[in-house]
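Below is the structure I would like to discuss, written out as structure tokens.
Per-chain numbering from 1; labels A, B and C assigned in written order.
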């Protein structure tokens, strides 16, 4: 019997996470919250500096994903890189594989040059739409890398099979590669072939570290609270699971994958008709039916 | 934060030599036709079990998101899957969400396998009556969300040609007889080379039995969802395709004429029949491509071992 | 009837298109006249409203067992029905928007390469090839589409025989299936070569961690080889694994080791990263939806 619709946990869980993030954004407005710096982010400055010394362009690729939170985050980081490049007067190349991302990227990069007071340094062709076909995009970007001999390359966003093509091509021309993908499947390829890799959520944390804006720092701390909540839920689940195993080993063995407590907590099963208790019908109502 | 350092001068075997070796190994082995021994993975065995026990009175929705670029893995998996579905006379609602080229590739495969199966069973498997193409959905996330809310509403505007060549709403097709909601179908199967399987799981999990057939690269990530029970069965990469083909050819845990069990699995222990009729095509591209895969992996391991011997030697030289 | 939709070719549809077009232009000019100070607020309001729809879909109770032609029984159901129906219209809207943005992308691409050809800048012949390909693919694509659209069912049936294909269809097959797809497959297969060289470079016994990584990688790779798994298993069988299914030696089967690595090391690791990514995406989405990063990424 289910006394409480466990499906509601899902909603409650997300609302708690949202509350954590909002509370911390509010806290950060009034208070300086400390966050540790990720060493790899220093590499961004170094890489742009190196490109300036060599007089070669900086290449940025926001991945193949559609215009979503991931590509917007990639553009946030690229805005910071472009700002550094604009100060050093280094040329940039930003290659897009998705038209919507391209449209936003153009605006973002133009804004950066304007806010730095050097709109004349912006090259109209620095933000390019290459192709929305995965491997045509891979071939196009590799071609740009080889022809223009880019000195620093940044691959951040949603990458798929093309990640290794980019990373190895950049490696072959001796460019510094800083990469980050939220796709777990591509992170190993980046780690094998790139100089610096931001793993998983470090990608989302990057702009908070780089800009130190209270909204971003606060939301980062809120995320950490959320992760602590998840970790404690996992511990709670381990407890439940252990007690359940002790109690109903036989029942568990019948279908262990689908019946763990955690699984039930987050995806409640419809009640099993077989478990319905046999009820006596009220004589009058029984007749009416 | 991972910062692998480049060892100066570490690439002692020139890159070109490695490339040439791989090219030679793969091109030669693709022409070698031998049946390699195989041990079926638990996830493939579960997939086969669910497919063989599927409710034949209800259709499956088959989301096909692969194109010619991953035909080695996804193509072999798709062929094996469609062979099982057509032989079991399960109705298919085909759709795509990742690539505009994907529907054509999948339709072509279904038509080809329908003809191939008809030659053996004598029963045709016709478009509109037995299978229907329900559309290409570029915004797959929003589309699956609307499938989840109300399948009939989400699909009623989509059209396919009926047997007379007239374009009609796909919901009028015999495939969708008595189907209104996503919960009414027997399974949601996704063959993909990208992360669309994750999107489908996010939107539909818990409402319908879900099965996945993914490429080797997507394997580790998708395996998460198999382990959590959100996917009831999963085929990963070429090994998954070869597993399916082996189970189709010899059955799972079923003894052959001489009483020998050729394909067994530790997790799925009940005997499940294969398609042992001689005219059936069971071993196909999975078997053909697993040989070059073996060659490529052995080459990869050899290269890694050689590289490490070189590293150890360099270290000794430095120290001594 | 589904809200926001009209019968194809009907007068109400034409009126709706006209009114929407007029409204669109009106909005466009109104926005141009708005003081720049107000513009971010308007954008924020639109973003919030658009996001609100999906939040509503997620939080509002779903109508149970709805069938075609049902009339909502009460207010809650009414809202649920409206949300369900509006969703598919929203999806169409985003598809249409994406198509227009694609035009922008193509325009930028063509402008860049046309300039390069006209000024005969470095590598201009490549740009010329690109322009010719874009034009040819577009032309053949549309020609094929029009040809097939105007065909009768029996002609379509006859086309299954390749020799009966009209020129446009044949040409499209040649360009798309014969060239484009094959070239894409070739690009994809390049990855195999890069995996080899990257693995050769990266998997070295440099430290304890790297050695553990190397060992587990080799075990997992061997696990992909059915042949290796099989012979390894025969070895374990001979060591007494076959007689006693509970023998300790059975844990040393290749598939048992790979399964252990997969279930207990790889998957939990990936899952932990996924949790972090998920929470990060939630925070990012929240900041975007509520327009919390005033001035966007460039301020």
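Things to note:
Simple rule for what comes next: a residue touches a chain if its C-beta (ideal position, glycine included) is under 8 Å from a C-beta of that chain, and two chains touch if they have at least 3 such contacts.
In this text, all values refer to a predicted model and were calculated from it rather than measured experimentally.
The chains touching chain A as well as chain B are C. Put simply, the chain closest to the centre of the protein, by Cα centroids, is C.
Put simply, the chain farthest from chain A by mean CA position is B. Chain A and chain B have centres, each the mean of its CA atoms, that are 27 Å apart. Averaged C-alpha coordinates put the centre of chain B at 18 Å from the centre of chain C. Distance from the chain A centre to the chain C centre is 15 Å, each centre being the mean of its Cα atoms. For chain B, residues that reach two or more other chains under the stated contact definition are 4, 6, 69, 220-221, 227. Within chain C, residues 98, 184, 187-188, 195, 197, 199, 201-202, 270, 274 each touch two or more of the remaining chains. Shared interface positions of chain A, i.e. residues touching 2 or more other chains, are given as 134-135, 161, 184, 191-192, 199. Taken together, the chain B residues at the contact with chain C in this complex read 4-7, 10-11, 13, 15, 18-19, 22-23, 26, 36-39, 41-42, 67-71, 101, 138-139, 142-143, 145-146, 149-150, 152-154, 156, 161, 164-165, 180-181, 216, 220-221, 223-224, 227, 237, 239, 242, 266, 290, 293-294, 296-301, 303-304, 307-308, 311-312.
By the touch criterion stated above, chain B contacts chain A in their complex at residues 1-4, 6, 69, 193-195, 205-206, 217-218, 220-221, 227-230. Of all residues in chain C, those touching chain B in their complex are 2, 57, 62, 65-68, 84-85, 87-88, 90-91, 94-95, 98, 152-154, 156-157, 176-177, 181-182, 184-185, 187-188, 192-193, 195-197, 199-206, 214, 217-218, 221-222, 224-227, 229-231, 233, 255, 259, 262-263, 266-267, 270-271, 274.
On the chain C side of its complex with chain A, the touching residues are 58-59, 97-98, 101-106, 108-109, 112, 123, 126, 180, 183-184, 187-188, 190-191, 194-195, 197-199, 201-202, 270, 273-277, 279-288, 292-293, 296-299. For chain A in complex with chain B, the touching residues are 38-40, 134-135, 160-161, 183-185, 191-192, 194-199, 202, 257-258, 260, 263, 267.
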